[in-house]
């Protein structure tokens, strides 16, 4: 079997189809031996790719945009989309069934570190709903990803932006309540995608193809099965997590159509994503879709499997 | 003889055991009572900390979810022991630490020896070593990952980076300060530089070398954990990061506690080795 | 006299300056030529590293995107100096480091003094201190943020936590090993325990204390950076995190290099203070 | 009159492993203004005996008295000089001499003046503001003497005060100290390993037994010296050899 | 015949700050089997002179010869004993004695046997497998002597070998070493600060000037001793005082 070094940005239920592919043996059936490691940060995952310590990385496309924009030659190219919605949620201290973004006015929100995808999405969503970040609403961007949930639990802020499974855990404890989903508010974005460096793709097109095939099969499988069934399959990857939380989280992500139905990353989605980054002031000029995205493998996978 | 008196007599006998005279017995009794009081207090403090923590968590004086609590930690350890997870993570960390330690110790010793050998080289590299020594190495973590990748090698590299410079500096200073008269003695016996190194400088500095190793093992562990924070799939550092990611602070606390025990054990491992090897000291 | 000979004469005069005899002149010449060769080699090595890095980046032997390169770093420093950003971040880190350092030094000194004062207390707390010393403190980072809040205080707390235990251990060991005869001397003069502490133990251990402070300042910086990794809006640690997020690796490299220089400067600050205060040593 | 008296003094040290009986039934007395030397095998309890006089330790049995009064705690009348000078490198020579007065909170312009006078007396004029490292071993030990004598103690305890000095310095200082103390009329107890030193300086030499220490033999030293006393003259006196050899044989230590 | 000869020897040490002239125009010779002591003020170059004989250093001017041949590098004929014993605590007594042979790769069953014999000769039978920390100072210095003599060097250099010992041990060892060396017929150069030691042990005492060192005065020692020689008897000889006082005055150091 061909060995593929895969680096995921974080280890999260947000990437459920990937674990489905692993545990259902889809990669293996394609003749790939996938070595999964976790980078704990998009920057680190992309760096692993760039410094040839990983073949394929699962990250948001923004590192590939940054890297190309800053002039790297052998830059990463996104070849398969995994999620199509933002994965973070907004939690309040009390249930707010009638929550509107307007309710944030004058309040304190714990966000995420500047320049990262979660923060940029939140700022974009707020701005386009008439709430100017840092003016109408205070956002705390000083905390590490690992510290924001405990800080909120400990009394900091009125709202917090969290990923799963933290959101569900806070809810279970009664310490926070999901009042909005940035996945829903943000619309369809290529939130995470598989990418590999230009040279690697050129040298190993068959590996990329097999990999994409497996991902697509997993996406379909995930789409076709219930949260409970999915949870059972991916359980080995989340052995520390309580079963009820796992099911709840899968259900929540599935419910808002988080996972792309196929690996094709469309131009409009990327455009939208680049708008978000530009508004966050981290991008001066849009990067050409054709340069950092290659949908050839995804299209082939869809075609093959049909 | 009343029950009470009998107990007193037995106690007294135990407290004055091995005494050579009555006065010595009194002294021993005093010292042993003191020792007992110290140990009792230590246990009490430990118990107070643990029980206080447990109660504070129970009555929500501290947030049990954030700080976890002793019974929960024990439960976590128990559960993770059952499925072998715990042992796996501990082993990964120990393994990486030991490799980093061995490389750091060997490399540091070799480099220190070379610097001792050539005064010229040591003078040339002195400022570079000072800078490397002062450098906050974990800040280099992200850069290191670029060079060494995102696997075990990067983690061991981090452990090595953090530990080797200290070893070089401590051992080289020891070598340099070897008593000149001991060296003179060997020279008068016709020894060449290599013999002087092997027969005086090295054995004379074994205590210094072990001093460096004791620092080294702790730093290797720190380096491994920092490395695992940055990039990993297993190990106690991974558990801490992962626990933070999934908001499972029991896991974080459990790992931190196991980590401190591990740190103590590794230290004593080196101290034990030292005792085995330096067996001529009184 | 030819041009060449004249240059040689001037050079010779410079190389034998301050000599007291001809033989001394020869010796001085030899030593100075050696010193010059060492300095030259040091500069060459540094230049080779810098130029090598620049060229390797230029000819894509290393990926300039990832490793950045010297001219780019200088440009970054220049631009950030112009708008005052650089100075702001450096100042934040220095400020947090110094506060952590001062608290760690003072607290460590006070606790070491208490332990010296009471043998009983020191025996009780010994095992706790050993464990705390061995503990990889940065593992406690997330917990610390929860306790100390999400700002400067948490960062300073991290710096303090990392630096204080080492200070306690080093200073207490020094205090404990104060020459008993010096203490005996003061006792025969009728000094009480406090006077013994003030007039012997403390001044006698100034070199040890400064030794601890030199370690301390480095650890405080490490603690600050680790703290800034976890929670911050400014500082060199923040720049490294932010630069990584948005792939401004120039920024990361620049920060790392400034950090190294800063580490060196802080160390020399303490060394300089030591020289000022311990002015009686030959 | 007896200035110092040991009455059947016993002293035991304890450690967890063992009991060390340092002194046993030790009885002797030192008269006012007498110069007595204690010699004896290593570890026989000489230093322990001095510690008992100074009040640093209390005997486990028996009594130690000064002027007929039992010693309790540090006694103001006693000055103690150790083997090494233990000058503090961070203090100037003058401040080193004044440390005792500082401890007793008796630092006055007058006491400073006295310290300077002592320095001058001991040939150290002009060194008041030097640091100890700038002085030779002999000069340093003289400073230590001044530090002890500035209190004008009635009793002076000397624990091998010359043994860390080189031979020349040692001989010269022995003589100087003997002269100084003779003039000042002090009661002196000197501990030494150097028999010649003991004979040359003392009125009486007490030879200790092996541990537990007690008096094995006592020598009243009577040397025929013409003119002013000096230890050099003492060494040349007829009887010197006799005392030396007797004590040497009494000690008879195998090294 | 001259075993060792210094011919107008000059020795300068250099540091960046200064030049130290340790020896200047130093001329003297030592005959075969003669025992010569060097005394002189501290820092006058005595140790330097020994280093020149041993070949550890080369003179800046003049010549040092052994058996008429110029000294170049470490000379096999020379044994050197330092002030402290420098026994290595990680080696047993036997291995300490054998270290020189080990260095020269001459370790044989025979040499081991010889080492044990030396130990027995020096009253250290049964201590072969002890570690140095288990021995007293005097025993240790005797081991150091054995370590030096196992090569049977023709020349023995002793640099204050007894000065770190306590007084008893020192006197006893002086005598023992003098006896051992007399029996073995060795050429000996002893450096010491202790004039009595020099007079009691030597055939000749050379008094050095202040730095830069050269010979100031030379004393041929001739003591009337009845029966077998011993340093104790030497000290009691009539002429001992005379030599002692003359050399003392010659040195006349202010401490």
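Here the chain labels run A, B, C, D and E in written order, and each chain numbers its own residues starting at 1.
Everything that follows uses one rule, which is that contacts are C-beta pairs under 8 Å (C-beta built on N, C-alpha and C of every residue); 3 or more make two chains touch, one makes a residue touch a chain.
Not measured: the values here are computed from a predicted model.
Which contact partners do subunit C and subunit E have in common?
B, D
Top contact pair of chains, counted by C-beta pairs?
Top-ranked chain pair by contact count is B-C.
Return the chain whose centre of C-alpha atoms lies at maximal distance from the corresponding centre of subunit D.
If we average the C-alpha coordinates per chain, A ends up farthest from subunit D.
Would you kindly say which chain has the C-alpha centre located farthest from the C-alpha centre of subunit E?
A
Between subunit B and subunit E, what is the separation of their C-alpha centroids in Å?
Computed value for the inter-centroid distance: 48 Å.
Could you put a whole-Å number on the gap between the CA centroids of subunit B and subunit C?
Those two chain centres are 22 Å apart.
Could you grab the centroid distance between subunit A and subunit B? Build each centroid from C-alpha atoms only and quote it in angstrom.
Each chain reduced to its C-alpha mean, subunit A and subunit B end up 40 Å apart.
What is the distance in Å between the mean C-alpha positions of subunit A and subunit D?
That gives a centre separation of 84 Å.
Which residues belonging to subunit A are in contact with no fewer than two other chains?
In subunit A, 43-44, 47, 50-51, 146-147, 150, 154 touch at least two other chains.
Of all residues in subunit B, which are in touch with two or more distinct other chains?
Subunit B, residues with two or more chain partners: 66, 142, 146, 229, 244, 249.
If two chains touch, include that pair; go through all of them.
Final set of chain pairs in contact is A-B, A-C, B-C, B-D, B-E, C-D, C-E, D-E.
For the complex, which residues does subunit B have touching subunit E?
179, 181-182, 184-191, 195, 199-200, 203-204, 206, 278, 280-282
Along subunit E, where are the residues that touch subunit D in the complex?
These residues of subunit E touch subunit D: 42, 136-139, 163, 165-169, 171-173, 192-195, 236, 241, 245, 248, 251, 253, 255.
Under the definition above, what is the set of subunit B residues touching subunit C in their complex?
34, 38, 41-42, 45, 66-67, 120, 123-124, 127-128, 130-131, 134-140, 142-143, 146, 218, 221-222, 225-226, 229, 236-237, 240, 244, 249, 252-253, 255-256, 259-260, 263-264, 266-267
Which subunit A residues qualify as touching subunit C in the complex?
Those in contact with subunit C are residues 41-44, 46-47, 50-51, 63, 66-67, 70-74, 113-116, 140-144, 146-147, 150-151, 154, 156, 282.
Considering the complex alone, what residue numbers of subunit C touch subunit E?
That would be residues 19-21, 23-24, 27-28, 31 of subunit C.
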